[in-house]
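Got a structure for you, written out below as structure tokens; questions coming shortly.
Note that the chains are named A, B, C and D in the order they appear, and that numbering of residues resets to 1 at the start of each chain.
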Amino acid sequence: MAMMTGEQYEASLRKLNLQVYQFGKKVENVVDDPIIRPSMNAVKLTYELAHQPEYEDLMTATSHISGKKINRFTHIHQSTDDLVKKTKMGRLLGSLTGCCFQRCVGMDAMNALSIVTYDIDQKLGTEYNKRFLKYLAYVQENDLTCDGAMTDPKGDRSLPPHKQPDPDMFLHVVEEKEDGIVVRGAKAHQTGAVNSHEIIVMPTISMREGDADYAVSFALPADADGITYIMGRQSCDTRKLEAGTIDRGNQLFGGHEALVVFDNVFVPWERVFMYKEFEFAGQLVENFASYHRQSYACKAGVGDVLIGAAQTIAEYNGAARASHVKDKIIEMNHLNETLFCGSVACACEGGKQPSGTYLVSTLLANVCKQNVTRFPYEISRLAQDIAGGLMVTLPSEDDFKSPEVGEWLTKYYKTCEGISTENRNRILRLIENITLGTAAVGYLTESMHGAGSPQAQRIMISRQVNMAQKQKVAKQLCGIKEED
Amino acid sequence: MAMMTGEQYEASLRKLNLQVYQFGKKVENVVDDPIIRPSMNAVKLTYELAHQPEYEDLMTATSHISGKKINRFTHIHQSTDDLVKKTKMGRLLGSLTGCCFQRCVGMDAMNALSIVTYDIDQKLGTEYNKRFLKYLAYVQENDLTCDGAMTDPKGDRSLPPHKQPDPDMFLHVVEEKEDGIVVRGAKAHQTGAVNSHEIIVMPTISMREGDADYAVSFALPADADGITYIMGRQSCDTRKLEAGTIDRGNQLFGGHEALVVFDNVFVPWERVFMYKEFEFAGQLVENFASYHRQSYACKAGVGDVLIGAAQTIAEYNGAARASHVKDKIIEMNHLNETLFCGSVACACEGGKQPSGTYLVSTLLANVCKQNVTRFPYEISRLAQDIAGGLMVTLPSEDDFKSPEVGEWLTKYYKTCEGISTENRNRILRLIENITLGTAAVGYLTESMHGAGSPQAQRIMISRQVNMAQKQKVAKQLCGIKEED
Amino acid sequence: MAMMTGEQYEASLRKLNLQVYQFGKKVENVVDDPIIRPSMNAVKLTYELAHQPEYEDLMTATSHISGKKINRFTHIHQSTDDLVKKTKMGRLLGSLTGCCFQRCVGMDAMNALSIVTYDIDQKLGTEYNKRFLKYLAYVQENDLTCDGAMTDPKGDRSLPPHKQPDPDMFLHVVEEKEDGIVVRGAKAHQTGAVNSHEIIVMPTISMREGDADYAVSFALPADADGITYIMGRQSCDTRKLEAGTIDRGNQLFGGHEALVVFDNVFVPWERVFMYKEFEFAGQLVENFASYHRQSYACKAGVGDVLIGAAQTIAEYNGAARASHVKDKIIEMNHLNETLFCGSVACACEGGKQPSGTYLVSTLLANVCKQNVTRFPYEISRLAQDIAGGLMVTLPSEDDFKSPEVGEWLTKYYKTCEGISTENRNRILRLIENITLGTAAVGYLTESMHGAGSPQAQRIMISRQVNMAQKQKVAKQLCGIKEED
Amino acid sequence: MAMMTGEQYEASLRKLNLQVYQFGKKVENVVDDPIIRPSMNAVKLTYELAHQPEYEDLMTATSHISGKKINRFTHIHQSTDDLVKKTKMGRLLGSLTGCCFQRCVGMDAMNALSIVTYDIDQKLGTEYNKRFLKYLAYVQENDLTCDGAMTDPKGDRSLPPHKQPDPDMFLHVVEEKEDGIVVRGAKAHQTGAVNSHEIIVMPTISMREGDADYAVSFALPADADGITYIMGRQSCDTRKLEAGTIDRGNQLFGGHEALVVFDNVFVPWERVFMYKEFEFAGQLVENFASYHRQSYACKAGVGDVLIGAAQTIAEYNGAARASHVKDKIIEMNHLNETLFCGSVACACEGGKQPSGTYLVSTLLANVCKQNVTRFPYEISRLAQDIAGGLMVTLPSEDDFKSPEVGEWLTKYYKTCEGISTENRNRILRLIENITLGTAAVGYLTESMHGAGSPQAQRIMISRQVNMAQKQKVAKQLCGIKEED
């Protein structure tokens, strides 16, 4: 099959038989569920843009396996140029959807596996890489969306997997069969899970010998027997159920996250990419995390939307020429571009791994993500400053349509000549959406915790800098004889 | 009547005949409306605490008119000690409700009017102060909650009131009668409006001669003929309509804001406190703003709740002893107490006005509020850091109760021994409520824009500092002869 | 004696026979030493202002012992009003000198001792308070400047005093005699030491039983036998030795710090205020630290000078009306006033101790100081932004006077009509002085470390907040039943 | 000639006959002047490293003119890889010298001229590019250090060059001769001027028709007749004149800046690269500024030294394992690497100009530099936090050597076993040097103002972002029909 169109993607989802729960009920039609649908729209855009000539350079790549043009989301990075394009693809999609478009996590998982399966094989003489490449070819050929599933519930954080009172707090092998393995456990915070064809499971932390049963990585169809999805709820989620559309802010796109439960699920051997090689769990986590921290370039894209919205409301309010407003817009752009710089830089400074895959600079990827845990909050604060208090005191769309009070609202919320009150409401609701509503979940809290919480990056920064060299020069410059 | 009890307050509200609209429909029972009710609970607490001995010192005062014990919210500050107690009362209530308790705006309006009506009379030989004191005695005697209504819609911000294409964009007198005046216009962002017995109207900006019809201040019963309230909606507002209670975060308290429309409303002369004295509009705005910027001590109280919640989730997550978590809690406290310092300092540095009323330091009140436009955002960011990503990926209460998936949720969201999954959910929902949900409206966006947007404070800071003295000393110290 | 005049103070210093070393040589004439002299000028101002009617209210107080008017620097605070005046006195002096005026540390030591000597006596039946009050009367009567000496060298920070390889790393008793004790050790970072008549020694940390010999507090004349002062050097110190005056920035005032060595110094019993009561060492440290953290209100005064200088250079550069410059000046003021708020608030929230002395709020004093470790750095950064690069590329005063190149400099450094190039140089040198030069030592680095390094305040903030109450309410609000 | 060695460079400087003034006197031996010498050492290192195999890749390039290996500082960037290597070369040198090494400004001037001379020729049919390339070949062949001179004194900032009361406030042509032109004026803040062989002059602002005489660019030997250098003084400059070496902090390297006066200096036509083409002045300024803002990667190098010093003093103080110290070191690294990311990203995102030269991304170069105006100040603040107060209270080197007090100092400033007091002093003096002393001039104030003050970058950021696209998507997402 060639790359799927958006329509083909949507159709392909309809064929899946996912077990999805939301608000305590089974979701019968996942694709058309009003709360889930906007997130599907966002993934769908990753298919649509790949067919548009102006985005072809960013959205597609040439498979190093088949030599065919593929969607970049299924590509294994073959150069720093590929890495930089990944950064730009992420920002592009964020800037067009104003939300999380979910497909990067599978890409990051596949790239990490392309490195680690190779390294395991080199060291242990296994054949994981061969298996993985066969699986990859299938994904590329069918242009599939994969969920990369890493985060286990973790139970008592002070205990390793095998010491947990409940052995399922980390996903693990419960049975080895001739044709495969049976696993049990759960993966939390799974972004875009129910819009995916496949789910790729990885361990979530470094492991030691006792945890061997937990050192497991594999891929499954999203609707494999025994997998259940339970949707997380988001701020303002039920506004999508309301009759009007203005109050939801973003008319088209959204994100979602789910808890994925694996209840004794069978995985055939050809889809197992790590099996008890606990000593490689840490590397897989670290490589995936580095790739995924780079991926937060998407937040610069969401920032683009929020900046555009802030500029627009400033104009609607008649305040766009006030020097303090202009200065705040500049600050928003400055912070947003600083985020982008981090993602570009870690890509540009990436390097070739033994497998041939290019990996970002681990140090700079962590620096990039660390800024993502800060700047979107400040950008949001500035957006709220510019928006004005009306953003949180605006009556509902129904009030504006009400025969009793609608006219009053239209009268009193008018600003300058030529500015539509409805348009002003719309842009205010978009800013609310990104800074307090459903998109705030992705733009703020997930910027904080996605791809690892801030402290995780700080630890990595600490490990990756060459402190010895810095100290050596400092001592030389002030005349301290290096102690030997 | 003595001070009302909470029950008496609630009963008194039921007697009002308010015209309230929400989601395009008239609210038939305001007091019991599930979205409005939590905000009534918060005001009710201001009545309840006044009867509790441990809070008597903060919550009550002695009327300088009647000599009787009154609720401090109806008191005119007679000393800097009164001002400091006002700060502490605000923090106390914020720390007990975790939200905006709404009653300060009327107190601030009355104190500002006690100064300005006196000053008008002194200059122009009018009798506004006498009228006002009579009205004040009525408020104190009946222990009423007053809405202080200042912010007009303002239309085209580049034009003064009388130049607006629509003359109603600022509330104004449309007719003078023998027994009073008729007014038209609207007041936006009215916090606690539908929980109030009275509404006290003030002009919103400095005015010049052409704006005389707009220079008007008066008080009306909240249910006077011609007044309509249209509720603003808040992030996650409809969660209060859901069957469960966990997902709303704060079980008890909330805030609300409304647009208040005055459609040719009659005001008898005895309730008119400014009438066309445009040259005093600016002073009234400034005095009210100074008092109200002090009032944001309440956000230190909400901060207390958020800090308590952050510490609790840290404990539930088993992370409370991690040095970076402890450090973040300290930073939250540090920022929160810095907010409190600003409110205490502007009170402590307050002074007696010609009317006998004590006014806060205008400079320091603006400094106080300026910090309020910043620190709650950072405190929220840190709270989200500590809370973890689960705060925005947690399934709904209904999922936890679901026979199909509830057990899985309880199993997989368990952390350490002895920690209740439900309690963890509850505290996460409270943090969500304050940082993204209904309370975020008050804790964040209203911290930004309430009592004036940040730029308003910056202008006041610029005007209030004694730059000439600073420059004089700087020049002396470096040997510049002062130019005369 | 009544309060000394500035001249009498200077004369009194000339009578002292201090052992002072600087640049490896003994300073024969301390008072006239060009590097030390500016710091003496600053202390002298504390005497001069006390005689000026406009400053009398802040600079003087009524002794609670003698009932006489005394310099406030020798006063024991008898009310929160006294505490607030102390804050204002500090800011006033900072704003007039642009540097550290050194006399607060003795005041803070005496106030702390007034509390702790009383508490020791109450618990142990000793007579330290009586001794102390007699000494205090002597200080008040003679209007003396006292150095409060707390910080020991501390050696290996991981070891308590009595476990140090060198027993002298903390000052301690080496001999007990009939008429007194003999002590040995040193005190570091002693601000204003060689401008003082007296030195009051206190322990530097909480102590346990083994450290009893180190739990000692006493007062000595500054020129007691066995005391030696070794001056610390400051950035740009030797500019004061240059012929011209412009390049030193501040023409009049400065600060200094010294290491004070006690080489077997005898202390008579009547001047010993703590002797082996190790269990009170911690309280003395904490009370002194709280007072001294309040004292950093002086930095808001230095900030006033820097802001005045920044405004002046903006005017000289013709940039004062640029919106970004005005905004930076506002930000400087905002931060500076926030510092002031902290000091006012901890004073206002102070309370009476059993001894009758008023102590500041420990929590808010620590919050105050924590901000002092941050904001002066940002204020300096903004001042450098406004000043322009010339501040660090300006040729020397001698170049401006040079017959070969002076005219060129005067020509090319001219800005707008009517602006004196020399005056511009002067104000640039003042900004350099405060942000990089001798005054930067006090405004920046000592703001960081004086009265305890930032982490010390964070620990105290952590201890002082009522976390249990915050958690209790948070749990109530979200429906968690308090565990009993 | 091949690339010069360090020794050859130093020898070449000795042959120059520069007119240099400092402290009001002519400097007879520039190379050996103790204040200037450290800056020469830093430039010298750019020659030395080019001969070391491990640095060859960064320090050298292949000339696109001659095809020979040249020092990268004389290279015209032929690819984004060249641009990225420029970034890394800058960081490398900063990390080895701990100061400004001065040679980048000439490289940036030449690259900007390689673009603009080409563009002028294309539009106007002139031959500037040919002239420039010939000159470039000379520079490359002789491996010269060039000073890029842009900043004019500017006089009254509100007036354009030709309206200034003194026509010399911007450098301009005063006479056109057959064989060349005569110029007059001055260039301020000239980093590394007296260590340069050549000086390349460019206009400093965009110009209009009346300013044609000011639109001039050319190159001259540094010792051309009529050029005079007047050295700027730096914080702590005279410590380099002291006998000891510890107190100067950095034993080897430093920077300098000078005012360069052009008093009717003749320039032959073959060295004139712009002559009255005022419409290209703005482009030249902007291209140079973009390159030079990229160059501030060097500050990440200086940051490396400061971080190394902070880690070292933490170890000497026995505090390196305290969690708050580790966290501060991480923060320093994080900010420092964020600076690096900006410089890498603007290089990576650079593009080919019509002349063939690669130019950095203007937007990201400005974002990069904007962060440089902030983060070094915070890194310095953290370094001072870690260093402790001793950094500013430490006695002089002479005191430590003094027979009277040296032993006491050595005794009392000892920390843990095995830590040399002298080494601790040395590292403290290095931190003082970078945060308050001579190197602070470069690390802080010049980070603020070099390559344009912060507001200049903000204006460029505002111009370079695609706001229309951001607004278009924001409107689409919330359902606003784009107005046509």
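The rule we apply is simple: a contact is a pair of C-beta atoms (placed from the backbone, for glycine too) under 8 Å apart; a residue touches a chain by one contact, two chains touch by 3 or more.
This is a predicted model, so every value here is computed, not measured.
Asks: Name whichever of A-D and A-C has more C-beta pairs touching across its two chains.
Replies: Higher contact count goes to A-D.
Asks: Determine, using the mean of C-alpha atoms as each chain's centre, which chain is farthest from chain C.
Replies: A
Asks: Rounded to a whole Å, what is the gap between the Cα centroids of chain A and chain C?
Replies: Those two chain centres are 52 Å apart.
Asks: Provide the C-alpha centroid distance between chain A and chain D, rounded to the nearest whole angstrom.
Replies: Chain centres of chain A and chain D, defined by C-alpha means, are spaced 40 Å apart.
Asks: What residues in chain A touch two or more of the other chains?
Replies: Each of 324, 327, 458 in chain A touches at least two other chains.
Asks: Would you identify the shape of the chain contact graph, picking one of line, ring, star, complete or other?
Replies: complete
Asks: In the complex formed with chain C, which residues of chain A make contact?
Replies: By the definition above, chain A touches chain C via 323-324, 327.
Asks: Which residues of chain D touch chain C in the complex?
Replies: Result: residues 21-26, 153-158, 165-166, 168-169, 186, 188-189, 228, 230-236, 238-239, 247, 257-259, 261, 317-319, 322, 324, 373-374, 377-378, 380-381, 384-385, 388-396, 398-399, 401-402, 404-406, 408-409, 411-417, 432, 436-437, 440-441, 444-446, 448-450, 453-455, 458 of chain D touch chain C.
Asks: Which bits of chain B are touching chain C when the two form their complex?
Replies: By the definition above, chain B touches chain C via 84, 95-98, 245-246, 249-253, 304-309, 311-312, 326-327, 329-330, 333-334, 337-338, 340-342, 344-349, 363-364, 367-368, 370-371, 423, 426-427, 429-430, 433, 458, 461-462, 465, 467, 469-475, 477-480.
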